[in-house]
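Following this line, the structures themselves.
Two complexes follow with subunit A in common, the first pairing it with subunit B and the second with subunit C.
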Partner chain A sequence: MNGLLVLFDLVLLAGIVGVAWRCLASTDLFRAVVLFITFGLLLALAWVRLEAPDIALAEAAIGAGITGALLLVTLERLRSIMAERRSGRPHTPPPDPTGPHALLRALHDPPPERRTFIPALSFALVVGGLLVTALWHQPHSTGLEPVVDAHMDISGVDHPITAVLLNFRAYDTFLELAIVLIALLGAWSLGRHDLIPARPAPGPILPGTLRLLVPVAIVTGVYVLWAGSHAPGGAFQAGAILGAAGILLVLARPRQLPMAPGVPLRLGLTAGVALFLLVGLYGLVAGHGFLGYADAWAYPLILLIEVAATLSIALALVALFVAGRPAGDDA
Partner chain B sequence: MTPANAEWLPAAIAGLVALSLVVAVLATAWPRQAHRVGLLGALAITAWVLGLSALFLNAGPDPEAAATRVALGGWEAPLGLMLHLDGLSMTLLVLTAVVGLATSLYSLGYVHDRIERRQFWPLWLWLWAGLNMLFLSGDAFNLYITLEVVSLSAVALVAFTGTAAAVSGAVRYLLVNILGSLSFLMGVVLLFGEHGVLDLLLLETRTEAGPTERMAAVLMTAGLMLKAALFPLHVWLAPAHGSAPAPVSAVLSGLVVTGSFYLILRLWMGVFAPLATPAFGILVGMLGVAALVWGSLQALRAGRLKSIVAYSTVAQFGYLLVAFPLMLVDPGAWRVVVFFAVVHALAKASVFLAAGTLQHAAGHDRLADLGDVLRARPRTVFALGLAGVSLMGLPFTGGFIAKYLLLEAGLGTVLAGSVIGVLWVLAIAGGGLLAAAYILRMVAPAFHRGHEDAGEAVSPWMDWVPLGLATVAALAGLAGTLTLNTLALTPGAP
Partner chain C sequence: MSVFYLAAALFLLGTILLGLVRVLRGPGSGDRMLAAQLFGTTGVTILLLLSLALEESALVDVALVFALLAVVAAVAFVRQHGLPEPPDTPTHRQHPESTESRESNDDR
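For the complex of A and B:
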C-alpha cells in the first residue's frame, strides 16, 4: 500500500513538472491555458496528498477553475480584437513595440525562446537547487499547531484552519478579501463593458445542462460555506463555486443580460469587507481588540462574516469575468 | 511611560489601522462621494497620525517603553498577529501622512472628471491604508499581504489613464511586483518552516546564521530590491513612474518605493542582523555607486521631464545602498539613512507634483518644448527648484543635513581605517554634483529668453500644493533633530 502511494506521488510529481514545462514551452496560447488548468488540478491533487484539503479546494476552485476561465475569456477577446483590426483597417501603422499591441502580436509570433532558454534554465536550476538544499536542512517543525490546538475551545469554531483564518489571524483574511476587491476596482478603472448580447445555443444540451448544473453549484457552494466551521471549506472556496455558477450563466445566456444596477452591486461587492470591518470596530470599542470577538459571540459573528464574504467574493469573480464596469456604476 | 499613555497608545495604533480602512471601504462603497470621503479621510488620517506621534514621543525617552505592540483580536504572538510601532515606523507614518495629504489636495484639482474621480479615490485610499498597515505590521506573513495591498492598488493607479503607454507600464510593473512578492513569500515560508513562528520579534530571537536564514535573506532581499527598484533591478521604474498620473507618480516615487526600502532595513536590523558581513556591505555599496552613476547619466540623457525625475529616483536610492557599508562600521548611521529617505520622499513627491502641473498646462512633458510654460509659471518652477535644491543637498535644506550626516558617517569609516571608505565619500559628494546637473537641466529653460505661454489653466490646488510640499521638504532640515530623536526610540537598533 505504502509502495503504491510512493509510486503515485512520483507519477504526480512528474506530471506536475511535465505539464508546467509543456505549458511554458507551448507557442500556442490556447494550449498553454488548457495546460495551465491541468496544472492547477494536478497541484490540487498534490495538496490533497500533503493533507491540506482546504488549500486543495481553493486551488481547484480558484487556481484552476476561475483563473482558467479568466484566461480563456481574455484569449477570446484578444482574438476578436485582432480579427477586427485585420478586417476593419488593413493599412494600420506598424504597432508600437512596447504597447499592448505587442501582446496581440505575441499571439502569432512565437517569442524568441532560444536566446533566453539557457539563462532562464540555469537560473531556475540554481534557485531550485538552493531551495532544495535549504529545505533539506530544515528540522521537522510542528509550526503553530500545538498553540492553535490549545486555543480551539475558545475560537468559536471546530475547524483549526477556519479558527486561524477568521479568529486568530482575522486581519490577514480581511486584507485578502480587500485584495480581491482592489483587483476588481483596478479592472473597473480601465473602462466600461458593453451590453452583453444574447447567445442562444442551438439544441437542448447546453440549456439542459445549465438547468441541472447551476442549482447543484449553488447547493454545493452553500454547503462548502456551512461546512467551513467544522471541516475543510469556507468563504473563499464557497465564493469561487458560486462565482463559477455565475460565470456559467454569463457564458450561456439565452437572453441579453440586463445591465447590473450600480448602487446595489457596489454594496454587494463591499458587503464582505464592510461587515468584517464593522465587527472589528465593535471589537475595538468593546475591548476585545481590533478584529476580536467576545468568546460567546465568536461563532455567530464568524458565520455572519463568512456569509457576507462569500457573497462579495462570488460577485467580484463574476464581475472580473465580465471585466469592465457596468454602465450603471457611473450613474 | 505614564499610565495614560500606556492605555491610549495601543488603542491609537489599532485605531489608525481601523480609520484608514474605514475611509477606504467607505469610498469604495459610496463612489459618488468618494472625493469628499477622501478629503475628509485624508485630513482625519493626518490628524490621527500627528496625535499618535505626540503620544509616542511623550512615552519616551526610553525606547523600550515607547515602542508598543498591539495584539489584534486579543491574540498575542505567536498565535495571533501583532501590530508594532517604534521610532522607525512612526517616522515613516508621519512622512506618509504629509505626502498623502499633499497628494490628496493636489488630486482634488488633478482628477476633476466625475467618472475618473469615482475610480481614482477608492484606489488611492486603499493604497494609503496599505502603506499605513505596512509600516505598522510586525508579522512576516502580514507584511506580505500588506505589500500586496500596496502593489495591487499602485498597479491599478499606474494604469489609471488607460493609454497604451500607461497600460503597458502597469503590466510590467505588475509582473515585477508579483515576482518580488513571490520571492519575499518564499523567504517567509522558509523562515516559518525553520522556526515555526511568523512574528518578527520572535523570529529575531530564534534566527542564527544558518543555511535557511541565508536563503531566506537572499530571496526576501532580492524580492524587495526588485520592488524598491534598487540597482540593478531598477529597469521597470522609469516607464511605470513616468507614465502614471502625476499624483500617482509622486506617491510611487515618494512612498511606495520607500516602503520596500523600509522593509529591507527592518529585516536586516532585526531578523537577518547576524548575516551582515563587511563583504556583503561592500557589495551592496558598490551597487549603490553604480546606481548613482547610471541613474544620473540616464536622467541627464532623458528627453521627458517625468523621465528625468523617475531616473533621479534610481540615482537617489543609490545613496541608500551606499549607506549599508557605513552602517556596518557605524551602526548608528541607519538613522541618517532613514532621514535621507524621508527628505528624498518629500522632495521627490513635490518635484513630481510640479512636473504634473507643467505637463497638464503644456499638454506634454517634452523638455525641449516646455520653455514657454516654464517661463510663464514661476510658482511651479520655484517649487521644482526648491525641491531640486533639497535633492542636490544645498545648505539649509533637509537634503543638505541628510547628505552632511551621510558624509560625516562616510568620513568616519575612512578615519576608522577603511580604504574603501574613500569610494563612499567620493560617491556621496559626486552624486550631489550629478543631481545638480540634471535638476538644473529641468529648470534651465525658465531662464532663457523667449515667449511666455501659461498653457492650459490649472486649478489652484495644482498651483500651490507642489510649492507647499517643496517648502516642507526644504524645511525638513529643521526637523532633523526631532526625526533622529524619534528614530532613536527603536528598541534593538543601535
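For the complex of A and C:
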C-alpha cells in the first residue's frame, strides 16, 4: 500500500514537471492552453496527496473550469487583434481554426539562442542552490496545528481551515477579498468590454447542456459554501463554482449579454469587503480587536461574511471573464 | 481492497500520461481539447478511487466539482472554434427549410 502510494506520487510528480515544462516551452499557444488545463488537473491531484482537500477544491474549480475558458477566449481575442494589425483593416469573423498556425507562432517569441544556454544554466544553479541551503536548515516545529486545535471551541466553526481563514487569521482573508476587487477595478480601468469572440453553435446540445448544468452548479456552490463550516469548502471555492456557472451563462449568449444594472452590480461586487470591514470595525469598537468577534456571535458572523464573500467572488470572476466595464455604463 | 483501488488509480494516472501524446502531437485543436476533456473524466475517477483508498470522504466533493466544471472549457472551445462540418455530409446549407424549423424549435 505504501509502496504503491510512493509510486503514485512519483508518477504524479513526473507528470506535473513534464506538463509544466512542455506548457512553458510550447510555441503553439493553443497547445500551451490545453497543457495548462491538464496541469491544473494534475495539480489538484497533488493537493489531494498533500492532504489539502480545501485547496484541491479551489484548484478544481478555478484551474479546471474558469482558467481554461478564460485562456481560450483570450487566445481568440489575441488572434483577432493580430489579424487586424496585419491587414490594417477591421476584422469581424474569427480566422479559420485549422489554418493559422503560422499566426500563432508569430505571437510567440523566437526560440532562445544557443549562447544563452550557459548563463541561464548557471543562474538556475545559483538560485536553486540558494533555495536548497535556505530550506535545508528549517527549525523543528510542530506547526500551527496544536494551537488551532486548542482554540477550536471558541472559533464558532468545526473545520480548522475555516476557523483559521475567517477567525484566527481573518485579516489575511479580508485582504484577499480586497485583492480580487482591486484586480477587477484594474481590468475595468482599461476600458469597456469588447464582444467575446464566438461562433454560432447550432443544434440543441449546447443550450440543453447549459439548462442541465447551471442549476446543478448553483446547488453545488451553495452546498460547498454550507459545508465550509465543518468540512473542506468555503467562500472562495463556492464563489469559484458560482462564477463558473455565470461564465457558462455568458458563453451561452456572448453576443447578447444582458445589460448589467450598475448600482446592484457594484453593491454585489463590494459586498464581501464592505461587510467584512463593517464587522471588523464593530469588533474594534466593541473591544474584541479589529476583525475580532464575540464568541457567541462568531458562527453567525462568519456565515454572514462567507455568504457576502461568495457573492462578491462569483460576480468578480464573471466580470473578469467578460473583461472591461459594462457597456453603456458611465457611472 | 484499498491496494486494488490504489493500483487502479495508478493505472489511470498512467493513461493520462499516455494521453498527453495526443495533446502534444495534435494535429488538430479538437484532438487536443478532447484529450484534455478525457483527462477530466479520468481525474474524476482517480479522485473517487483515492477517496476510497485513503478513506477521505471530502475528495468526493472535489470529484463532483471537477465533473461539473470540466465542461466550462469545452463550452468555451466550441464557442471559439465552432462545430466541425465534414465536407461530404449534407449540412443545413443544402436544406435551408429544415434549418429554419430547427431554429424555431430552439426558440420554444
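As a working rule, the second predicted complex is superposed on the first by the 261 of 331 C-alpha atoms of A that agree within 3 Å, B and C clash if a C-alpha of one lies under 4 Å from a C-alpha of the other, contacts with A are read in each partner's own complex, and residues count from 1 in each chain.
The definition used in the following text is that contacts are C-beta pairs under 8 Å (C-beta built on N, C-alpha and C of every residue); 3 or more make two chains touch, one makes a residue touch a chain.
Because the structure is a prediction, the values reported are computed rather than measured.
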Would you sort A:81 into first (subunit B), second (subunit C), both or neither based on which partner it touches?
-> neither
Between subunit B (first) and subunit C (second), which does A:304 come into contact with in this model arrangement: first, second, both, or neither?
-> neither
Go through the superposed model and pick first if A:281 touches only subunit B, second if only subunit C, both, or neither.
-> first
Pick one for A:265: touches subunit B only (first), subunit C only (second), both, or neither.
-> neither
Subunit B versus subunit C as contact partner of A:11, first or second or both or neither | second
Identify the partner contact of A:289: answer first if only subunit B is touched, second if only subunit C is, both if each is, neither if none is.
-> first
Could you look at A:148 and tell me whether it touches subunit B, subunit C, both or neither (first, second, both, neither)?
-> first
Look at A:209 in the shared chain and tell me whether it touches subunit B only, subunit C only, both, or neither; answer first, second, both or neither.
-> second
Common interface residues of subunit A - those touching subunit B in one complex and subunit C in the other = 98
Interfacial residue positions of subunit A with respect to subunit B in the complex = 96, 98-103, 130-131, 133-135, 137-139, 141-144, 147-148, 151, 167-172, 175-176, 178-179, 181-183, 185-186, 188-191, 266-267, 269-270, 273-274, 277, 280-281, 283-284, 288-293, 329-330
Contacting residues of subunit B [partner subunit A, same complex] = 11, 14-15, 17-18, 21-22, 24-25, 28-31, 70-75, 78-81, 115, 118-120, 122-123, 126, 133, 141-142, 145-146, 148-149, 152-153, 155-156, 159-160, 162, 164-165, 167-168, 171, 186, 190, 192-197, 210-212, 214-216, 218, 239
Please name which positions on subunit A make contact with subunit C in the complex.
-> 1, 4-5, 7-8, 11-12, 14-15, 18-19, 22, 30-31, 34-35, 37-38, 41-42, 44-45, 48-49, 53, 56-57, 60-61, 64-66, 68-69, 72-73, 75-76, 94, 97-98, 196-204, 206-207, 209-210, 213, 216-217, 220, 224, 227, 231-233, 237, 241, 244, 247-248, 251, 254
What part of subunit C is in contact with subunit A in the complex they form?
-> 2-3, 6-7, 9-10, 13-14, 16-17, 20, 23-24, 26, 28-29, 32-33, 35-36, 39-40, 43, 46-47, 50, 56, 58-59, 61-62, 64-66, 68-73, 75-83, 92, 99, 102-103, 105-106
